[in-house]
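Each of the two complexes below includes subunit A, the first together with subunit B, the second together with subunit C.
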Partner chain A sequence: MSDIEHVEGRVREIHLAAESATILDAVENLSPGSISEPCFDVTDSSNDVVVVVGGGFPGSTESSRGSFSRTLHHSSGSITQIRAANVVDVDQQTVIARTERVPAKEASDYGEEMVRKVHMRSRGGSMEKSEILTTETVSCVDVEEDIADENAEGPLHVECTSSYLQEGVTQPHSDQQDEVDSSKPLPDQEELDYTQIPEWRNQRRQLFVFSNSGKPVYTRHGDEDRLVTLCGVMQAIVSVVNDTNDNQLWSMRAIGTTISFLIRTPLVLVTVAKTGESDRQLVLYLNYVYDFIISVLTAPQLSRIFIRYPNFDLRRMLSGTEKILDRLVDWFDEDFGFLLGAVRCMPLPPPLRESINSLLTHSCQKTPNLVFALVIAKRQLISVTRLKKYILHPSDIRILINLVDTSDSFKTAEAWIPICLPKFDAGGFLHAYIHYLRESPVCLIYLAVDPSLFHSLAQSSANFVSKMESSGNLDSVLAAMSSTAFYTVQQTSVVELRHFVYKASSAAQLTSPVIGHPYVDEEGRQILRGFYRYLHRKMHCPTRAAKIIVVTSNTEMLLGWVSGTFELYAVLEPSITKHQAVLAIEKLMRWMKKEESQLFTINSQVFS
Partner chain B sequence: MAAVARNTAGGPPSAGKIFQFKLVLLGEAAVGKSSLVLRFVKGHFHEYQESTIGAAFLTQTVCLDETTVKFEIWDTAGQERYHSLAPMYYRGAQAAIIVYDITNQESFNKAKAWVRELQRQANPNIVIALTGNKADLVNKRTVEYEEAQAYADEQGLLFLETSAKSGVNVNELFLAIAKKLPKTEPAGTRGQGQTVNVNAAAEESKGGCCGGGGGSASAAPGGAARN
Partner chain C sequence: MSANKDKLATAGSHHHTHNGRLVDLELASFCVFNSSLGQREGEEHQKIFLFFPVTTDVDVQIRVIGLLEAVSKFMRSFSDTDCRSFLTSQQLHTLNLVHPSDTAGPRVGENDRTRNETIQEEVYCSILEKAYKMFKILNGPLSLVEYPDTKPLKQKLQSFFADYLQKSPFGKLDVLQCFDALSWLPMNRKVFLSVQNVVNSISVNFREVRYSLMLYWDQVVWNDIDLPEALSMAHYITKFLYPDLMEKDIQAIHSSLPAQQFAQGHLGRFFFGPKNLQDSEEVVPPTFAYLTDPESGLAVRYRLVVYSAASIAVCLFLDEASSAASESTKYYRNLDAYLGPAVAAIAPDLAEQYSKQHNPQWSYDSPNVRYIFLNESNLSKKQTLADRNQTVQVELLKALVDIKEDVTNRFDDTEIYEKVLHDCWIYGKRNFQHSLFAVVTQRNADLVLTEEEIRKLCSKEFPSSNDAYL
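Here is the complex of A and B:
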């Protein structure tokens, strides 16, 4: 059972979109009620597979996207039909779609299917128009062969998607004609298909990246070469949807599983998650993965490669980074900060942090062409400074931290690497100087635009390191890392509180105590993370974003509070009253205010 | 007399002049460039050395009879995507080690391509050493010693087969390069790089770099001090 079902199964939910100034006002005025579920959620309770498509990406032009759902009929061995009723509803096109006959298998099953026939019927406003798309067989075997031959200059298999689109008759079709020859067996394979292996199918988070031609680029679980067929089928599905009216495939849903798509030509990114996250949340992760690939190649180089060689095997250009990307994907699960768009900051005594900030800024002062400098340790930020006018985006920091922390090769020597920070400039490389201080976990990173700057940065670094040592700062940081850097929720003195995550919005940084009772074991951690994702999903739902949410159950009380300057997600004892919860949260906020300079590096350090 | 002193970057020499040279390692991915350098500089070997990203910078000092040679080593990543950055590292280099894997013919072909590129574009006086690494995997050999030796002779390259794993010929390789480099340019003309780690190294380099091989040498099979 997924985390969210776990939550939803036993909670009474209270929502409000509070305009009130304080949480006390808000909660006092709280009226229990249920706002209708988003239209796409209705199918969660039935055996349906819902496909959500739209003209843009989630999070972009929400109102203009014109979304509708389609029903995918799964029948044994084949996807037999896509039927979509495109109902125009004032300014938003909404569709309710449901499977009529065949209970869908788990959505991840789709991969082993062969697209046999696709029928689509759409209806819009007064005008009624239907299309019947009869497909030729898109044989998985053919796809595989095309892709497997690297040197093949032949037409890409995806081109067939447009050739089998035939605009046609307006007749609703009977179920009879949906019957497909499902007796045709799947192609024999010498090795067992991954999709037949329960261990593979049961992964909580699958991630696939493939090119527009369907050639695998990266898969989180399993060997890409053995997932060629699956990627081909996913590409076929994406193409079928995208070939119609500028639509784009967003997500597919089945019980407990959401499949989310991000199409960033020339790449398609797909995640199959059993984590209870919404498709919008999943797309955030996919954006991180895309950004990672850009950080290795830059956007122009990526598109250049595929313009010249549409059938290129991009794994060649990414070789050596697989482990780093694996780690990034695994980090999604562990760190709520990906969804919050915030970086985790290491708590340090304020005088120590100030001293490091000033040493770092001073070391950058005299170096031309230097843009950013950071000190990190254990995937947390200690200090960051930037050239005037330039901003370092939290997503770029995460990509950087993941790279530096995952690759052991930086630990043995000073490194000088080209890296593209996609949010800063997807079009070119910065050059990063990476140096672990005295082989401790503390790492210094300089980011410069000039590739010939290594020696002067090494000089700056040497100065910085020696000052860190002579001032005792390095020892203090190492001491803090083994003590104050990890605080418990008890230190807040809020007894009703079990755990919380707090994001300081202005600094895009977050803090949380170490996970304590009753969530210490792995299962408990998963449940706790599930709570936070659930709260985040509810609070950032585009159709009814809430400022405060309180969710109570027999086992805990969840509270989410989003304001202009912070976001707070808290798990409290279940036995307390609303009023007690409010007092507890206010007490926490006072503590937070007091400890702010210890928990965050708030004052942005700038050099010129 | 020749010796390799570990972790003595910039330490005060006990004999003669210091000469400083920029050395770059090139070659296909996974042939063992980083392993060679780590064996030479730190005396370590990791069976599962991770892919280098970008390039790593290390220094190591070698003592010859009368002089001290300090190598500034650029260990470059072998992946295809970094190829276009290679000139940044071999530009101005006085020495290059081009590494291939004796069990991988393709890496030998790639090594030849690197030789051609350096002959065309690098410093004309660059000392190039061709190195067949993974010599411990002799039963999987696909590149014959004689073939590589003949190619190296023809092109005027130093040639050695090495094993970063066992340490065989690793120090010899760097010593051979040190001997071949022209000792006309005194240290200090090569700019800022020389002062890297001076502060740190000062205390470690007690006794001077010829005085017995420095601190962490004991871990190295193949020995720090030779002859």
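Here is the complex of A and C:
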């Protein structure tokens, strides 16, 4: 029973020992077993089952997520969602409990009640579920409760990213409900097919994810349940094309619209873009979305689910992460770095950055099983350090930054969550310790392979924070963030220049000044982003890649320049001669060389 | 599906054999179908008007067409325009809906193993569009209104495209097709007047002649039909009729034709005329051409007569109502008697003008700069990218096609310099319906030097319009 003690220990970490332990006991009664196995053990070849139960609303098992969340709402947040996953065998179970925003006293009662319900349901509930549950034994029940008491919140220990994230992004529940409602079409349009609604049709960037069987998993705009037919059509087209010897559907084009497909069995990802981007660029975005889903589930788990249950509704596994994915998709539009495969780095005075680098590296020394540590702020990288021989891919950093920045719950207390970094290892979870320094926008992240490292990392973090404070580094960073971190193009003193994006290829980092005249308003920003996407497309066409491109119109001169060590995309004044443009770019490059150590964190920090 | 009524879709797809090379693609299939027919299960084959290769299993045909229908319908969920193409790892299908009132043409495509942009749908689109335009001018627009019974339409499609697909180089695509325009023969005033004189006297002597088009080899000497239609017609004559002509010419020389024709100094031929001009009994089956009426926008049918002599092709569009007599051999004899000497009279002048333009004095002859100039207002082109001896590298031409797409669709009044492979620079600019695309292959050229080369080109080649380009 040392395992139970282990879990109880973890639960105490989250300051909810009493309540959670009761729930654990309850689940324990349901089916006793070992709890040392991680909930989503990737080496396990068993199945995953998800059951969603609306407490007191027997019909909600079959109900859609939308109505489920409404149910949640109506029952004042006291509804419990129970996730059962990873059937191993009768003897082996992992039970993770999480309680939040429910009056502490009620929590235990709820736990027991819910577990009973799950149990009952498993014997004779809805057809689909009962089928699953009678043939399989539930070995892992992840109980998630929405609890009204904000104070009960704390760093939580759960074994599935999504189950944790659910609470992070969606608080408070009533707000989310309102948002969902407002984003939904008017009631009289409820009956209409989405494709009949112009606002929906005209979205600049649509994104759909569905399973091989055509079940919707995610959509950026609209309610998945109303897109079942459309997803079915897409799936049909995909499979008809796939019928003939290894043929795969890639893209469709009409004037002004490109639809790209990415088939990553068991999922199909589709984007519909009116952004003028090429199929090749759109596929980059789809890969980010796929990576995000992997970051929640891990690749083996994803495929295992669908091997076992081809008709599985994956939304249940991802529930709670929709907002994060929404934010990621919106971020595609805002940040050119996704196409460049580079991370945005926060400009800091070189001595300050060095000092932070060494503090961070020092805090990581001699912590076994720690792989990476990062300091980020405002979606930008401040410092990163890594265990020897391991590298952190820019795409993984993006996924991580998006997750940390989107989930508000991290901002109030330290957190410990499992996350899979697909480029690092799509097969398993790392564990992320997330802590905002002194409730400032500066956030420290440790990534470790050992799920039991929470205490030692919390200790390291405390040391790091106190050193940051005592050395005055934190204040300096905050000061820099309000001044030098956001520089203007005027600071380069290249008068012909309006805006630019520079990527240091070796570090996979990019920098750009704040957007100024004449692109300050939203329309202007869109135009500017369009320029960069166009230049990127021209510079990265595999067979006819341009090394230099200069586009002159009445309104601006665009310049793209790719070499082995850097990529430069610039917008200049339209009236200058080519000779002036060349001189301006040379001047900018000199400035860049001079400021390099301020703009990027070039030297790779390593600990052992 | 009622929305699809009276629309016909054409689709083609390409297999390719060598990685990413346009020239090595082959046509996988080509089809014409109508979604409004064969709605009931088991009757789907009624949708199919044409399917190449004809040996394809009907079930496969139905499946291909079903996919095309699904894709175009799906695209309509997001787009107000029709799906132009869809790409898979092995094939590119291009498709186009042809409305009864007509506008667009059909499209073709290619494919590639790696997911990259060697694929230039535009090249294939323009080729399939060309195919449909030619079909339209010779057979009238595809429309179920015109053909309540689909059988004759199917036969027309079969016979036209069987011939077309055989003769047109689908497997050997010419990237330059994207820069399609008429080549006008440069003429001095005297020659131009004598050409005009011939054309005018034809319409005076043969009242039923409504329009005419005259070519010297592949270059336009005279035209009074709509320019895009002239382009299709000129393409038809040079690419489809001339090869036949060559054969006939050779035969004529070796056969026992009446000696007086040689004595008269001309060797005229009608393409769709009587087999033997001397046989008064022969009734000539009519050949038609369909030209768009500028006022109503509808296609109007004309009798088509194409006469060729001494490298000159005279294409006459006869008013159908008043051309009943044109079915007789006598009519052709008269026409021949008139056109023969008239054409023979201007032929030497045209030959001289034709050879003059290949004289270095007339043409910008820098080995480092090659260009194509397009004037959309008269659909004319002038180019040095490809001549009989030498063609600019295919990869550079593809890059030019990309630039053309950029300056035509993406930006207005824009100039693009691009440094591409082998340190060559390519240039594109479009301004007031005029566009210039160039390849500068000078060694170690930088941006400033390239700009200078283009400036030199413009001042030498287009002195009068210099301001418009730089």
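What we mean here is this: the second predicted complex is superposed on the first by the 418 of 608 C-alpha atoms of A that agree within 3 Å, B and C clash if a C-alpha of one lies under 4 Å from a C-alpha of the other, contacts with A are read in each partner's own complex, and residues count from 1 in each chain.
The rule is short, and it goes like this: a residue touches a chain if its C-beta (ideal position, glycine included) is under 8 Å from a C-beta of that chain, and two chains touch if they have at least 3 such contacts.
Everything numeric in this text was worked out from a predicted model, so none of it was measured.
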Would you sort A:A458 into first (subunit B), second (subunit C), both or neither based on which partner it touches?
first
Quick one: is A:I255 in contact with subunit B, with subunit C, with both, or with neither? Answer first, second, both or neither.
second
I'd like to know which partner A:Q526 touches here: subunit B for first, subunit C for second, both or neither.
neither
First (subunit B), second (subunit C), both or neither touched by A:V296:
first
Dominant contact partner of subunit A by residue count, subunit C or subunit B
C
Could you tell me if A:S476 is touching subunit B, subunit C, both of them or neither one (first, second, both, neither)?
neither
A:S466 in the overlay: touching subunit B, subunit C, both, or neither? Say first, second, both or neither.
first
Look at A:Q206 in the shared chain and tell me whether it touches subunit B only, subunit C only, both, or neither; answer first, second, both or neither.
second
Residue numbers of subunit C touching subunit A in their complex, please.
20, 63, 66-67, 70-71, 74-79, 81-91, 114-118, 121, 395, 398-399, 402, 406, 410-421, 423, 446-448, 451
In their shared complex, at which residues does subunit A touch subunit C?
195, 201, 206, 230, 233-234, 236-237, 240-241, 244-257, 259, 272, 276, 278-280, 283, 534, 538, 541-554, 578-579, 581-582
Subunit A partner contacts - residues on subunit B that touch it in the complex
29, 34, 38, 41-42, 44, 49-58, 75, 77, 79-82, 85, 88, 191-193, 195-200
Complex contacts: residues of subunit A adjacent to subunit B
296-297, 316-321, 323, 403, 407-410, 412-419, 432, 438, 451-452, 454-456, 458-459, 462, 465-466
